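As written, the chain order gives the labels A, B and C, with residue 1 at the start of each chain.
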Amino acid sequence: MKVRGLIISAAAITIALIPFVLSDYHRSQGADVAVYAMAILGLNVVTGYTGQISIGHGAFMALGGYTTAILTHNHGWNDIATLPIALLVGFAAGVVVGVPALRFHGAYLALLTFAFALAVPQIAKNYSHFTGGTEGLALPTHTGLWLYGVGWACVAVIYVLTWLLLRGRTGRAFRAARDSEVAAASSGVSLAVYKTFAFGVSAAFAAVAGSIYVLVNNFVNPDVFGLTLSLYILIGAVVAGLGSLWGILVGAAFVQLLPIGLTSSHVISAEGVPVLFGAIVILVMALVPLGSAEVLRMAIGLPNRIRSSHDSSTPHSLEAR
Amino acid sequence: MAAYNRYVVGAFLAACAIFLVVGSLQSALFAQLTVSGLANGGIYASLGVALVLIYRATQVINFAQGAIATFTTYVAWQLMTWGLSYWPAFFLTLGIAFVGGTLVELITIRPVERRGNVLTVVIATLGLLILVEGSVGWIWGAEIRFMPSAFPAHSEHIGGVAFSLQDLGTIGISVASVIVLWALFQFTKIGLAMRAAAFRPEAARLVGVRVSWMLSLGWGLAAVLGAVAGMMAAASPSVLLQPNMMDGVLIYAFAAAVLGGLESPAGAVVAGLLIGAMLNLLGSYVSWVTPQLLLPAAFVLMLIVLLVKPSGLFGRTQVRRV
Amino acid sequence: MAALLELRDVDARYGPVRALHGVTLTVGEGEIVALLGANGAGKTTTLRAVSGMVRRGGTVVFADRELRGTPESVARLGIAHVPEGRGTFSELTVWENLRLGAFTRHGSIDADAKRVLALFPWLGERKSQQAGTLSGGEQQMLAIGRAMMQRPRLLMVDEPSLGLAPLVVAEIFRVLKELNEKEGTAVLLVEQNARNSLAVSHRAYLLETGRVVLAGDSDELAQHEGIRRSYLGY
């Protein structure tokens, strides 16, 4: 326990102090890492803790991003003031999505969220008078330091919120929902409520991430929140180890900084990055580090195995040598 | 129960067919939109059958199917750029797709499948999607390229309506490839073994079928269908040859597979053609449905089908936890 | 007569649970051997151990070759395994099921098809019927027909009488006996119904909690005090 406390403090201090030795450009990259950290944390709440997989978190980021963009661009709001609004919008959207999501498990939910991730940018393109369409909306600029500070402050707030959430009754309910639906249901925990709540929280975090993302880029248009973004969040979560809170920082740094590091040092070209990432995802899935394995197994859940109706009446056979 | 469902589905499909035929007879525009819609539908159907093949055998939703189709289409383009004429390049690409698809399963999916977790494999297919799409960009770059078509660009006039040869050809080739595949499954020993392995892997092992090889072959055949879909798509006017070419098509193919019943190849064909035709008509006749809203429409369709009748039009009607 | 199938000290486990403990038994060429025992005694597991469907220790030798492979390879060596639940391909037709039985054979299967149809003439009328729509007894006979198409040296049948009417059961056992006598196919039969299996088999083993506790000629075992009381009911 003490070691953990030390590591947390060390990490926090490093994060707080590092910007002062970085250039402005690198500070804004640090803000990007914060963005991914929030989005991945959001994804982990839903996938790692309640076992519902989502490939559509880019869409929730889009919601937050567009909320901030529209409020600042069209209505002149102060950017920081838009953050709580984005949080609420995200939460509401997450709950709305979370309700039907209860009906689907595993691969079907992945399919639907995948389609969702592709559909939302199209909708944004369509209602262009609202969203600025493909030309997008421009936003006020900020210094790298400002972005870094605001970004990581949000990360800190979200981490604390998550920690509080997972400690109490909600956390126990989440874990119960993940581990055994039957047991949880029989102990009086209303699974539906908690799972939907988890989705809402997860989307809220992604929305705030989207707001910061938009501020970092000073710009938003539908393509910014495309499929690639949702996939990269997933990559970050996979590298982090689904369900791990600490791995998240590793995952976020991996997704944001590794490509830049590799391309600027000419190890691989920019086009080679997705090839590497894809290969890494496959490798991780093939080798399945303990964290992901445990959680993914929970994510399917024994009573929900889609395959079970296919087995013959004989009991499951184990693999022969 | 099953009989009732069959009648309802049959009546529904008959109604759709009547709608399309009557509309086509009434209006030349309707007829043209229907045919070009069916051409799109043929592409969705081919890719949809590929998805169904893999899902039926392994319960895995292969997110990389579109990317693999894109890759094979680029291969075809490359062969033609190197001087091969269309049809030789087409068939050579099919062969390459078969080998490639089989190898991909062997190298990337098999090690993950061994872990035994459907969801892990699904995430691996997402990784594969990123990998393959990235490879296309890496090898060929992201610029838009021009894909030649098998069919000359002019239109045939039948009964006063202009039908593009490209559209008719696409419908023909898509349907033909699905029929060839069907024949393979129905009439050959290996096709029978593949079906057995898909339906009852344990029982298939007991009669000597090497189930894991059958899975690899299934991926190979799925890749062939994907290549057909990709080559037809790239030649069509609405799709440009670029690395993310099949992302949208993949969604429509998923919608076709879901609507048809994720385990029914015939369902994917019928649903694909239907979705293609209907979306095309919807886009033209209903004013607020712009081209950008078609993809969200497909998403909504999938959502409704999975909520209301998860087994789709042709799927087995047993209660299944979705 | 050299043993066609020999299990030496075979263990098997499902996860942490040991289902078989040092099982040793033989099946001779052309013999019918019955495996008796209550539910959970390990009879089905024994067959699965031979087929390679379960993790096992010990040695299994078939026709002087040690078996160590997957179920597919075991099938190719000439063992037909009709599992519990029959392993019918319900989605396929009767004829397709039979064709699959002959999967490991090369060349024409007409002669085999004739033999099976001679034994089960009614199958001829149902060739295009979906196998899943057959009754339990019909599916069992289809399963045996499918196994015959393989021309196996050893036929392993798991609980053929389960859930079937006495007349149907009698028919099935008659078929097994005929197969054994006419074609010389060895049979390893797993059955809870001790009376029928002892009547049709040459030798039998009794399994209890994964161990062989009794072995001998079937006629003698039918008279055995313990067996009469526990398994034959008198």
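Remarks
Operating definition for what follows: a contact is a pair of C-beta atoms (placed from the backbone, for glycine too) under 8 Å apart; a residue touches a chain by one contact, two chains touch by 3 or more.
Just so you know, these numbers come straight off a predicted model, no measurement behind them.
Greatest Cα centroid separation from subunit C: this falls to A.
Looking at contacts between chains, the pair that accounts for the most C-beta pairs is A-B.
Rounded to a whole number, the gap between the C-alpha centres of subunit A and subunit C is 54 angstrom. Between subunit A and subunit B, the centres computed from C-alpha atoms are 30 Å apart. Between the Cα centres of subunit B and subunit C there is a gap of 43 Å. Annotation for subunit A: residues touching 2 or more other chains are 312, 314, 317. Counting only residues that touch two or more partner chains, subunit B has 199-200, 202-203.
Of all residues in subunit C, those that touch two or more other chains are 53, 70-71, 83, 87. The touching residues of subunit C, when paired with subunit B in their complex, are 51, 53, 70-72, 75-76, 80-81, 83, 87-92, 96, 99-101, 103-104, 146, 150. Residues 53, 55, 100, 103-108, 110-112, 114-116, 118-120, 122-123, 125-126, 227, 231, 234-235, 238, 269, 271-282, 284-286, 288, 292-293, 296-297, 299-300, 303-307, 309-312, 314, 317 of subunit A are the ones touching subunit B in the complex.
Interface of subunit B with subunit C (complex): residues 189, 192-193, 195-196, 199-200, 202-211.
Touching subunit A in their complex are the following residues of subunit B: 59-61, 63, 108, 111-112, 114-115, 117-124, 126-135, 137-138, 141-142, 199-200, 202-203, 244, 247-248, 251, 254-255, 258, 290, 292-293, 295-296, 298-299, 302-303, 306-307, 310, 318, 320-322.
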